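Can you keep this structure in mind? I'll have questions shortly.
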Amino acid sequence: MSTATIQDSSRARRSRGGSAPRPPVGAAPLERSRRRMFWAFTAPAVLVYFVLFLVPVGYAAWTSLYKWDGIGPKKWKGLKNYQTLWQDPTFRHSLTNTLKILVVGGVLTFAFAFALMLILREMNRKLFARSVLFFPCLVNAMVFGIAAGILFSPTGPVDKILEALGWSHPPQWLATQHLSTMILGTLIWTATGYYSAILMAAVDQIPEYLYEAAELDGANAFQRFRHVTLPMCWDVISVCAVLWTVSSVKIFELILMYGGSSGSQPPAGSWNTAMYVYTEAFPTASTPQLGLATAAALVSLFMVIIFTVVLRRLLRRDPIEY
Amino acid sequence: MTPRRKARSLPMRIATGVVWVVVAADIVLVGWILLTSLRSGTDILNHPFGVPTHPKFSNYSKVFSDGGFGQAALNSVLVAVLSSVLAVAVAAPCAYALARRRNRVSGAMSMTFAMGLGVPGQVMVVPLFIGMAKVNLDDSQPGLILVYLGLAMPFTVYLLTGFFSGIPQVLEEAAVLDGAGAVRTFTRVILPVARGGLVTAFLLQFISAWNETLFAIVLTHSQDKVTLPVALSDFVQEAQLNGLDWGAMFAGVCVVLAPMIALFSWLGSRIIQGMTVGIGK
Amino acid sequence: MGSSTGRGPRLLAIATAAVLAVGVSACSSSKSSSASGGSGKSGGSFTYWSMWRQDEPQAKVIQAAITQFTADTGIKVDVQWTGRDVAKKIGPAMAAGKAPDMWDEGEDVVYGAAAQNGNAKDLSAVLDMTIPNDNEKVSDAIPSKYWDSLPKDPSGGQHWIVPYEASTAGIFYNTADPGVSAAMASQPATWDDFINVCQALKAKNEPCLASEGEDSWTNGLWFDYLLNAAGVNFNDLASDKTGAAWDNPAVLKAAQQVEQLVKGGYIIPTYTQTKYPAQQTNWAGGKAGFLMNGNWVTAEVAKQIPSTWKYGFMLPPGATQPDSMIFGFALTKNAKHVSQAEQFMAYFLQKKTLSGISTQADNITPRTDIPAPPELATVQKTLDAPKLRLTFDGVAGDWTTKVWNQNYLDFWHGQIDAATFISKMKSAQVSFWKSQS
């Protein structure tokens, strides 16, 4: 999970709103030199971003309107590729899986992350525990896919431990019908530590006097959580929701490794849209469908956009100043 | 941080116990992966929970020489370090300019960068493959570095803008009054102060480049060009006609995993801080 | 970067220069290698992407041949050991104009990724070439049945691959296993006989079959062979856009026979719960009687089997033709160094060179005068059949990933019964072909 590459636009929004501090009027020379240097400073990043990021996105949108095997000439299809996707049961299934990871995985991850955050705050040696639980999100998910092949085998460590604890018929972890669930579980496990660390950082910034005041007013633990903790880190929660949306849509290596261990593609029942894009564009033993692949990729982009807009609407609250 | 005076309730004690069990399980898992990498494939399949009585270091020599993990590890280091250094070098001046100059242009620019954060990688995979091939940079480290550089822009600019915004303006005002130009102010006054932020940005970019798999699989294929995730996935794919050696497989896993463990033990708090506080700002 | 943070622009300049330098050197090195190849003593050079990784035995055999070939002819071979991913890379590479002259893969991949769209060059010229030292024509050294079984490219040709490794699939077992020999006096002649063998093993608490439950390919071979026994062509079945072919009672019967294996409890009990190669390892350890797989399995388990092990091999009873999979060289549509690559193909088929596939890589070659490794002797005899049939009658590619894999695995795991399997395959196939049009 490359959690490090997702962000939200709250800062950008806020800064555009003009609420940011303007330089003092007296600093005119500073202002002038800044204006001059603005373009020189931003040009390299803007250029890199434009050529290596925005142009490819545009090219993807353009390619998605054609039928193209990459070799022959492009054939205009208009929006037909999107129609084809809709008719393809495999894509519909991939889309469902993506949504399942996004919604079910998201709700569970946040529930766990919140609980974990609350528990961690009360614990001794909480920094150590937080670090350990945080670590999995820094590991390439392929590692877990590979390790699971032994860990969860019928004679593997997990079943051995469960047996010792008296559970003689543990689930068939690695059976293909459980693949999606296992992938979801692994994902939640790696993400919980990360999101609880974010929440913890936010909660740590809540001034202690607010809790003390609430306590003096006779608020119990739940009321303190409901009326102090939750509102105070609402902003961060909404950022996390957006963060999760993007990162969950682009999961790839986890599925690739969990499902396919002997060289073949993972069974189609476990695909998400990222996997679908990959197999359409880089198939084994068939013609690449670049138009269809980019159309599928754009569908996942639309999904992120819709979710982001809706989530930000839903989670919008007046910022609390303190 | 928040010393609680009250005695802990029973549910809280149970919950704390559960968390410690999970923490312990995580540590055991990593330890188990490390130990398993020293055992033979057949042994692992027959006795998955065993301890290597005769550590099989040949697993490592096998992945390093035969599996090409040695070259792949070098490539991973090269690609991750260079792309991260470049990303920070390119993004820092831009982030600084965006943090200091607040008007419609910079606002729109920040917004455009931020929007990039919402684009899942699979959107760009086909175009970047075709584009890199057009300019002869497919299956090459410079090509991969460029791709990672582009992918890093939104996040790095966003993160660094936050850091630069947090630096008091008085510093520059003093420098300008002393007659320093904008470049000089930036390099001599701002960068030293923002060093922590730059290192954090580098670290986070390094981690995501180290683990990146989709673009690496698509863009590189020759054995002397691939990075570690590709080598690992190839190692699994090879199995179909020549058998899979789980021992060597786990050794390969450890080559991917170990640097992250080392980095995290060394700079863990900084990484956590960058990935949490930096996000929530 | 710590000490250089104070000098941003200089750092940036250095880094940029470094990247440019790396880029330039990468470009120039690739140019210089092809240029020096061009100035070689006689024949120039060609590029080759291999399906093998450098450490695999086949790669070692090919590498040795390349070295000798360059010494003999002066033709340089610019080889990249790409591995199995070459299947996914070759199409996009041809698209980008970056494809090599020559590549190799299984015939299903070469056809699916290139030949079916006319993106593989016709190699009929190679068949007429004389193999160096052996002084016989390629078409005399390699039986024509290997080409006759291949599907046709758009121009009607079948010569889009030059095979160097032949293989088949079937049921492998250890004749020295007392359980197996007690249950099976002679190889069963009918499917019911085979089920009886399984029953006898089951009665003794020994699982009849080992199976990697997650693998739709090896497990699908049962259905493939049973269809063949019933006289149904798998390819016709899969390419029927109406799906009506699935209503054939013979298809249902084949599915029911597969179901006998699943429902009869003859498969090793943990098969759905493991990952490759757990069950293959169990089989090699004597924990199950039979294993259905391609003949490369003998090389895969070579280090695991006891010294007393003696290979037995048979096709599922009733199957009339053995499966054939060939691995061979192909040329991409826009290959520039055709004659050099074709020379190498003929060169590699020399008896002494090609023998390495058998002696070092432990596999079978398409040349009948090269003996297979001892453990594959009976398998090679199967390949002596006058007519061969492609595995799954040549079905591969998208249909396999989108229609077949998941449904067959559900069936093989006992999630759905034979009738449900048939109806699911039928409807999935109909929507598949609709989305393809």
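Points worth noting:
Each chain gets a letter, A, B and C, in the order it is written, and its residues are counted from 1.
In this section, a residue touches a chain if its C-beta (ideal position, glycine included) is under 8 Å from a C-beta of that chain, and two chains touch if they have at least 3 such contacts.
Fair warning: this is a prediction, and the values are worked out from it, not measured in the lab.
In terms of the distance between Cα centroids, subunit B is separated most widely from C.
Across the structure, the highest number of inter-chain C-beta contacts is found for A-B.
Our note on geometry: subunit A versus subunit B, Cα centroid distance of 15 Å, whole angstroms.
Once the centre of each chain is set as its mean CA position, subunit A and subunit C turn out to be 37 Å apart. Residues of subunit C found to touch two or more other chains are 12, 84, 89, 92, 95-96, 276-278. The set of subunit A residues touching two or more other chains comprises 44, 70, 149-150, 153, 155, 261-264, 281-282, 290.
Residue positions 45-46, 90, 93, 129-130, 146, 183, 186, 237-240, 244 of subunit B are each in touch with at least two other chains. Those residues of subunit C that touch subunit A in the shared complex are 12, 84, 87-89, 91-92, 94-96, 108-109, 111-113, 116-117, 119, 212-217, 270, 272-278, 333, 396-398, 400-402, 405-406, 409-410, 413, 415, 428, 431-432, 434-435.
Note for the complex: subunit B touches subunit A at residues 1-2, 4, 8, 12, 15-16, 18-20, 22-23, 26-27, 29-30, 32-33, 36, 44-46, 48-49, 90-91, 93-98, 100-102, 104-131, 146-147, 149-155, 157-159, 161-162, 165, 169, 172-173, 176, 181-183, 186, 204-205, 207-208, 210-214, 218, 229, 232-233, 236-240, 244, 246, 249-250, 253, 256-257, 260-261, 263-264, 268-269, 271-273, 275-277, 279-281. Listed in rising order, the residues of subunit A touching subunit B in the complex are 2-9, 11-13, 15-16, 18, 20-24, 27, 29-30, 33-38, 40-42, 44-46, 48-49, 51-57, 59-60, 63, 70, 115-116, 119-123, 127-136, 138-140, 142-143, 146-147, 149-151, 153, 155-157, 160, 194, 197-198, 200-202, 204, 208, 211, 233, 235-236, 239-240, 242-243, 245-246, 249-250, 252-253, 256-257, 260-264, 273-274, 277-278, 281-282, 290, 293-294, 296-298, 300-301, 304-305, 308. Those residues of subunit B that touch subunit C in the shared complex are 41-42, 45-46, 65-68, 82, 85-86, 88-90, 92-93, 129-130, 133-134, 136-142, 145-146, 183, 186-188, 191-192, 195, 198-199, 202, 217, 221-223, 234, 237-244. Against subunit B, the residues of subunit C that register as touching in their complex are 1-2, 5-9, 11-12, 15-16, 18-19, 22-23, 26-27, 30, 49, 53-57, 80-86, 89, 92-93, 95-98, 276-278, 281, 285, 294, 296, 299-301, 303-304.
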